[in-house]
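Encoded as structure tokens, the structure appears first; notes follow it.
Chain lettering (A, B, C and D) follows the sequence in which the chains are written, and residue indices restart at 1 in each chain.
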Amino acid sequence: MPLITYREALRHALSEEIQRDENVVILGEEVAEYDGAYKVTEGLWKKFGDKRVVDTPISEAAFIGMGIGASMLGLRPVMELMFWSFATVAWDQIVNNAGFVRYMSGGLINCPIVIRGPANGGTNVGATHSHTPENMLANIPGLKVVCPATAYDAKGLMKTAIRDNDPVMFMENTLLYGEKWEVPDEEYLIPLGVADLKREGSDVSLIAHGRAALTCLKAAEILAAEHGIQADVLDLRSIRPLDEEAILRTVRKTHRAVLVEENKPFCGVDAQISSILMEKAFDELDAPVLRVSAIDAPAFYSPKIEVKQLPRPEDIVPKVLSLFS
Amino acid sequence: MPLITYREALRHALSEEIQRDENVVILGEEVAEYDGAYKVTEGLWKKFGDKRVVDTPISEAAFIGMGIGASMLGLRPVMELMFWSFATVAWDQIVNNAGFVRYMSGGLINCPIVIRGPANGGTNVGATHSHTPENMLANIPGLKVVCPATAYDAKGLMKTAIRDNDPVMFMENTLLYGEKWEVPDEEYLIPLGVADLKREGSDVSLIAHGRAALTCLKAAEILAAEHGIQADVLDLRSIRPLDEEAILRTVRKTHRAVLVEENKPFCGVDAQISSILMEKAFDELDAPVLRVSAIDAPAFYSPKIEVKQLPRPEDIVPKVLSLFS
Amino acid sequence: MPMETPESTPDHASAPVNRSLSPEQKRRFLSDMLRIRRFEQAALKQYSGGKMGGFLHLYIGQESVAIGTVSLMGPNDHVITAYRDHGHALAVGMGMNECMAELFGKATGCSKGKGGSMHYFAPDKNYWGGHGIVAGQTPLGLGLAYGLKYKGLKGAALCFMGDGAVNQGCFYESLNLASLWSLPVIYIIENNHYSMGTSLNRSSAFKSCLAERAEGFAIDWDLCNGEDIYTVRAKTQEAIERAHQNSRPTVLEIETYRYYGHSVADAKHKVYRSEEEIERYKQNHDPIQRWKKQLLGEGVLTEAQYDEIDIAAQQEAEASVQFAESSPLPSEASILEDVYYEVDHGTAAGTTGRHFFNN
Amino acid sequence: MPMETPESTPDHASAPVNRSLSPEQKRRFLSDMLRIRRFEQAALKQYSGGKMGGFLHLYIGQESVAIGTVSLMGPNDHVITAYRDHGHALAVGMGMNECMAELFGKATGCSKGKGGSMHYFAPDKNYWGGHGIVAGQTPLGLGLAYGLKYKGLKGAALCFMGDGAVNQGCFYESLNLASLWSLPVIYIIENNHYSMGTSLNRSSAFKSCLAERAEGFAIDWDLCNGEDIYTVRAKTQEAIERAHQNSRPTVLEIETYRYYGHSVADAKHKVYRSEEEIERYKQNHDPIQRWKKQLLGEGVLTEAQYDEIDIAAQQEAEASVQFAESSPLPSEASILEDVYYEVDHGTAAGTTGRHFFNN
């Protein structure tokens, strides 16, 4: 299988879906003539023209809202937020309009929109540009939230997200855009709501989403090599819908879990996972479910310090070891 | 002690603090000449005049941001959101500016602002007007979040919030504004970060915040009367800072807990509490910590149905009983 | 003070779009306005009787705006509005039954009892709500216009908003996009001179009027007196033509007045404005009475016909109350319906993974 | 195309605020501009050398705007700006050392390494940042003006923003409030004709210029060519007087140009605009060269003096790199500092309850 970057995988997904469905339109700041601030949409404007790939002014509330309105009429807008951080200025449109219009209309109106862009810390852009709002948006019934960790997942999930008839919040990661994975040439789709067991073990479950899943894979290697501990690494891939079965399955097998995420801890996604395990796997647990999250402060600019703010393998390993002591 | 309403308690707190500190100014839609959409500020404009109590246009992003800017210069604005739901249009100002300005400036700038208003469902105003964003805002390091359940708490916490030198998100409840509690005439303050054990029991801990704490009290009465189960009812009062000690104390005593909140379940405050108990009270638990939250859908308008969407005593009681079976 | 814009002039009555009206159509407008008024009055009565919850924002006094504008809509014209949405709903042809039932929170309501007064919808009638967050509908309206243009349809999106809503930022973002991309959206500011208890001059800084703010975005704008249907239609038609022919946006400010409080809960509405002011409007500027007089003068209406129309409207409203009253409540199970399309339709997507997190 | 506004006219040079300038002050402006340019060039070099992370938005080409405007500030005048904030920072008197150290992410940085390039602050110099969210500072600037008025101080808040930032809604909400309440805020649109890769005409619909959008809010506005300090000062002084004397807001659009990309990561900036365009600006409109020529012409500067000033600026910039390089990193413990005032100060409030939720 060809090795391609996460960025290319997304681009292929977008390109294929634009070709497949005339209602798919890409909008966002600098997505067209500039080829995308992070080059995810590179070449698409040249290939598909002004109608299908559209540059917007810096008006997230209006253009996201516009996309929602257009989706109500049957378009399938794929809106790029240059950073998910900028969702803060479009919060009302996302939550109240995309999230609730179907419900408030008693199911008369659909909102098949995808809002996508990077949502991550770790790139020294400071607190205003490092939001990871997957927990907040998954709190909203009506929204779906997806956080792919690899190129393979990014492509398969993006294609599914575009075809989904509900609003999907698609969160990427600038630190992964340049990383390569094997991705088949043939078309494939990955359903939302299916976690991926990225590594099989038997002793402990590492459960994560987004880039943290990759950090868990590294931690798992260390655990195996240095401590003889074999970890399951479960990548949630989608936050809502959530593959609860897979979570319970791995924990029922290993009886121990460490949850890892790059979000801030208070009411992070892993708070929810922990509470699910509390409720549904209490008797299966040989030790408390522990969490590793970003250090609980706004994102620090200083490159040498920020790197310590996000979960690293060396933060995960001792947590795991503590479960066995 | 005189019985006064939650609304009056808040008003007294505002009035006393306006008088105490010339930098305290109240701003919001209809807070002055109209006496407040929910009459919390009734009479204050008459009493204190145009400078101290100010009506704003319907521009939440700008007036909240304005309050933040003014607070940087040393004012202590108390901003009313007619509903906390409308924070969605001011989200960026609240999160990035109030939440992060101190951090990003390396501690050079303070933001002693209070943003207050009702945050609750249950009044048949539909999904757009029923947000309970305490979980989301408590996710943001830099913000503080307070959710008083009684008139006594509302007054004592409001006065503290206004004197606090950090941004405090103060969430009230329209269903409580008219309810009465004993409130002393003498001045008192309630610190943030101190939970209140509103009922003492021995068998189970009901942990809640806001109106859900009152629902727990009712459930506790039923449990005592009909099932001989004595419940601790712990009202968190402030979400961040959080009185973790009090949470652990009650659970170490009862070894069983049900967490109740009116928020939607996914990544609600109680997900966080559950994960704390998982981590820090695992060996103390005789049964899994269970949760009762709002039914996981946008707020339903229909009065007869919406009432079923929020936790009621009859939702809590069986959860508690299940812990003993 | 309010309503200083000139009332209907002969020009407006003789505008092509008005000259072509048949007597029947003119009486139909009367009926349409009376239907709104009688519906609202019935709703008020039922609200006071404890039959509904939440808010009730009445459209009484503003009927000519919804009827005048919506009467010009063709098959590809769409409507979206704020929470004061009953008038527009009835204007586009929604039935009183489903509207009243919605207020009663019944399963037969237009939104199955989920939306309530502020959140009516009827996409089959090109009616996209009913939106509770002030000005939150303004980008959605833009999106309707975008969708029309994208699909190559000659249409317009009429996006209604209040005079208070003009102070929400997303409206200006929308204006810029509308102008920059030449989208066929028509923002109709229903200026009833108050946003809750705040009079226009206490909420907004402007030059001659609110619509003039569009000038800076190179958007055509206009201001008119809304009490007369001819005027409303003449001005709206210009905007619709601009949208249909040139795919250009318009901001049209229409002066009007609400007789009741902001919502039924607004006990102070005779404090922040005088009784005389309210009376003046009722006496001199009532859109229904004005139109009645106009039609009587034109000889296309008799007093008897008027009464007949009015009684029909009252009866229809009463019947809708009966309908609502006797309709079933939504089921408790329906709380979890209409959240996700995929779940409702039992698709593979809807049955994969956990969608709901009830405890 | 850009910069069609007239350049400095004799009027501007002879404006009272300019006529009163001493030769020393005039040379000081030169020095101030050169300090910005040399600082930015040094930063660019260090960025390329891998000494910093994140973004670097250079102010090169726009120096006259920050220097011209800030030179008029009195003790109660305040500044706030966006992420392209180094120019304003140096203009208000921040040291190159703490500015460069911030870029290096060092503990000696103006924000202790926490804010980075986009988030400089110096409240002791009335400088309130450095804000990363486009236009997010516009309500804060309003708040500074509100605070001044509340406290009865005669001052102004200068709130800088870009030509792309005018399409964020909170700016218009702020304009309405500023006008309605007569707040002494001056919005200065630094129109460098591009928001990232998007040229002005692709991002904004307007009549004659962006500032004219203020007209609809009954706010005074003006447009000027920013390449000449005399012009910038003359126009800014009018706005400051309006703020100080009448407590009225102004929107002042100043045309300018950036020579480098949007940020240093902007590899396409010679694709979305031509090399010739950039060269034309450098050759004909460079604010430093223009000012140098002006002062040479006035006879208040010699080539030797110029070189001396420039070398001093270069040396200062180089020294700041040394300072930054040799400064310590922030401690890991400092991650949890500066989040809450009460915690940092160990008050009762700061020690009650759990504030941080690290695992």
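One rule holds in what follows: contacts are C-beta pairs under 8 Å (C-beta built on N, C-alpha and C of every residue); 3 or more make two chains touch, one makes a residue touch a chain.
It should be emphasised that the depicted structure is a prediction, and the values quoted were computed from it without experimental measurement.
Using the mean of the Cα atoms as each chain's centre, the chain most removed from subunit B is D.
Set against one another, B-D and A-D show the most C-beta pairs in contact at B-D. With centres taken as mean Cα positions, subunit B sits 30 Å from subunit A. Chain geometry summary: the mean Cα position of subunit C and that of subunit D are 45 Å apart.
The mean-CA centres of subunit B and subunit D are about 40 angstrom from one another, to the nearest whole unit. Centroids of subunit A and subunit D (each the mean of its C-alpha atoms) stand 36 Å apart.
In subunit C, the positions touching at least two other chains are 109, 111, 113-115, 119, 131-133, 136, 167-170, 173, 176, 180, 202-204, 339, 356-357, 359. Residue positions of subunit B touching 2 or more other chains, listed in rising order: 57, 59, 61-62, 85, 88-89, 92, 96, 103-104, 126-128, 141-142, 240, 264-266, 272, 279, 290-291, 296-298, 301. Here subunit A touches subunit B in the complex through residues 61, 85, 88-89, 91-92, 95-96, 99-100, 103-104, 126-128, 131, 135-136, 138-142, 240, 263-272, 274-275, 277-279, 282, 285, 287-291, 296-298, 301, going by the rule given at the top.
Subunit D makes touch with subunit B in their complex at residues 78, 80, 109-115, 119, 121-124, 128-133, 136, 138-144, 146-148, 150-151, 157, 169-170, 173-174, 176-177, 180, 337-342, 344-345, 348-349, 352-357, 359.
The part of subunit C that touches subunit D in the complex is made up of residues 167-173, 175-176, 179-180, 202-207, 212-219. Looking at the complex, you find that subunit C touches subunit B at residues 52-55, 102, 105-106, 109, 111, 113-116, 118-119, 131-136, 164-165, 167-170, 195-198, 202-204, 268, 272, 329-330, 332, 334-336, 339, 356-359. Note for the complex: subunit A touches subunit C at residues 25, 51, 56-57, 59, 61-75, 92-93, 96-97, 101-110, 112, 141-142, 144, 160, 164-166, 191-194, 238, 240-244, 272, 279.
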